[in-house]
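Next, two complexes with chain A in common: one pairs it with chain B, the other with chain C.
What follows is the complex of A and B.
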């Protein structure tokens, strides 16, 4: 599978390591778009570790407001042409100090963004959406037909 | 209708595959409407298209007709003031040459007019009967009901009330929903005659039918009849149809004919087609394929060569809330088999034929 991670609000040259199932797939500066690949089918953990954040990166004024910081935000996760859209919030941010922020795409404190996905991604998306909205009871059946049709057409 | 043996599993796989092939440009013959192309090659777009693979009543996209049409120089017809007249002159004998139906007293319909699709004829019928209540059987062309609702025209299904003076009826024959004569068609003709109510007979699928239409057109109530090209030949978007009447009409459409301002591109195209392809062309060419697919998919073969009848394969795709274009478009169970015929090579290559 092809995974595209899109970032924004990149401040003060942050660096990260992107892991799949604890295996590093990218290590370096946080840039607007990072592409990685993963080939094993089944469940997978995608994580993005914020690796170079230090206390001195955060500058506060006399009233305690942050005026300068090393940080970034995760905007989009696109996997095999499917934008996860709202499903990117099916994640957590585990700060190094042990605090866990659910549904957090902001990389402020040192820590790690974690989301559990599957390869292929489409059935995971359909199932997860149905779990929340309860509006797609036929998703599994339709996905099976779709998958079969894709494989048939790949023959030619 | 034989509903218990419809092979829904195979039908769904075919529909998904054709929908996916629409998105990936793998069809032998492409669709002619924007809605026939998934916006993106992604699951939800393909899924949307999947639900409409067998809908619509449009013609089989026959490759030989398409090739013939593509080679025509239709702009020449703009320069010929007799283009429409030539088409109209030849249309009567074209219909008369058909052997798969019986139109007794067809020659009573002396007045022939080019129609920008049958929809132009329908609109003129509504207009010239604007003080009357429109009547159709359930399952007839949804466009009537949709327009009547939107235009505030009074109407009622024939099943819901007696035929009364002041009504104006329309009935397709073969009937749009079933590809066969409506079971109450003869009753309707008798009622219309008894109540002095006009009945427009829409021969929309006549050229594609076999052993279905047998009608005596001398009935007084049958004053006008219509023929569509878009259900017979792949020229849907050229808007070609013909209206015929026993008495000369006085309406906008007739005025366009009298003024000689009808669409010559379409009329010339239509004339070229009827000179090249006989009226039973599709029946002759595709009847065996209809038999094949109906047998394979557990559908009931209809008397219209591109239709089969069976259970609704979408289950959730055609209720009034999600019907295509209109809540009146309820065609559950009528399968347009055209895409199966048109994409035979593709389906053979992936062992779905």
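What follows is the complex of A and C.
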């Protein structure tokens, strides 16, 4: 699977390591777009660790407001051409101090963004969407057709 | 046979699988593929034949460089009778914006009558009558035709694309019921002998929208009795019609005979119907499916027209255009399935 991570609001050269199932796939500066690949089918944990955040990176004014910080935001996760869209919120941000922020795409405190996905991604997306919205009872049947058609096209 | 076994094991439906195959072949992701597969085998529209499209494009270009005269408009209307090859000499011909203008004119002229049609007739009638509080009802055993009705009927029949035999015209003559015959599917057939001598026949409507990919140009011809003078006939007599559309129309009927599309696609229709277990329609666009094809019932069209009827009232009229458009893919699919 091809995974594209799109970031924004990148401040003060943050660095990260992107893991799949604890295996590092990218290590370096946070840039607008990071591409990684993963080949094993089944469940997978995608995590993005914020690796170079130090206390002195955060500058506050006399009233305690942050005026400068090393930080970034995760905008989009696109896997095999499918934008996870709202499903990117099916994640948590586990700060190094132990605090867990659910549905957090902002990399402020040192810590790690974690989301549990599956390869292939499409059935996970359809199943997860239906679990929340309860509006797509036929997703499995239609996915079977789509999946079979994709495989058949390679074959004929 | 491997594919056949897989299809049976997974309880997949061949028609739906083929629709998905076309969608995937077009490069569609899941949501688009799903939408395509839901609608592709439904409705009725002309085959997007590239040669005909080229003829239309050339006609438009030529029209832009042609001094505007009424000749093309009159030629189109006057020559249409010979093109369809039906005995329409006893009728006056005028231009019609598709069949639809003819329908509207018929509704208006017979507005004090009760409109009648058979179940399966074109949904436009139902929608128009309902939306305008026009008195109407389906014809059935409990509600037969009666004096004071006006009948709208398609030939071939809209629900299946098939020709039909019935004594309805005799009955309409006896009961003094004016009849509009919608013949928009006729150029999709190999033709037939059709007796248009019945006095009850008030209007015969033709359109090129189903046979050629020109639906948005609204090209048609209406035939009415000599004593009928309405707004549509007035428009024709004062040359107040769509010249470009008539120009395209004359170019099309000059180049292609009325059975052109049927002759090209008839063998493909036969092949596709055999493979998908459909009954071949007299109109080359369609096959008619049994209850296995209920997923391609009229439910989507009923929703589009905002009509509240049980889809099971209607035949599963399957539009074969995606098969014709992707004939090579269909043959590969069929071979894989049968191998």
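Just so it is clear, the second predicted complex is superposed on the first by the 155 of 156 C-alpha atoms of A that agree within 3 Å, B and C clash if a C-alpha of one lies under 4 Å from a C-alpha of the other, contacts with A are read in each partner's own complex, and residues count from 1 in each chain.
Everything below uses one rule, namely that contacts are C-beta pairs under 8 Å (C-beta built on N, C-alpha and C of every residue); 3 or more make two chains touch, one makes a residue touch a chain.
Predicted model, so just to flag it, every value in this text is computed and none were measured.
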Query = So, on chain A, is it clash or fit between chain B and chain C?
reply = clash
Message = I'd like to know which partner A:85 touches here: chain B for first, chain C for second, both or neither.
response = neither
Message = Going by the contact rule set out at the top, does A:68 touch chain B (first), chain C (second), both, or neither?
response = neither
Ask   = So, does A:148 touch the first partner chain B, the second partner chain C, both, or neither?
value = both
Ask   = Looking at the overlay, what does A:40 touch: chain B (first), chain C (second), both, or neither?
value = neither
Query = Given the touch rule stated above, what does A:156 touch, chain B (first), chain C (second), both, or neither?
reply = both
Query = Do any residues of chain A touch both chain B and chain C, and if so, which are they?
reply = 81-82, 122, 126, 142-143, 145-146, 148-150, 152-153, 155-156
Key: For the chain C and chain A complex, residues of the former touching the latter   = 3, 6, 10, 12, 16-17, 20-21, 23-25, 29-30, 33-34, 37, 332-333, 335-336
Ask   = For chain A, which residues count as touching chain C in their complex?
value = 81-82, 122, 126, 142-146, 148-150, 152-153, 155-156
Query = Tell me, which parts of chain B touch chain A in their complex?
reply = 12-13, 16-17, 19-21, 24, 26, 41-43, 46-47, 50, 315-316, 346, 349-352
Task = Could you please specify the touching residues of chain A with respect to chain B in the complex?
result = 81-82, 122, 126, 138, 142-143, 145-146, 148-150, 152-153, 155-156
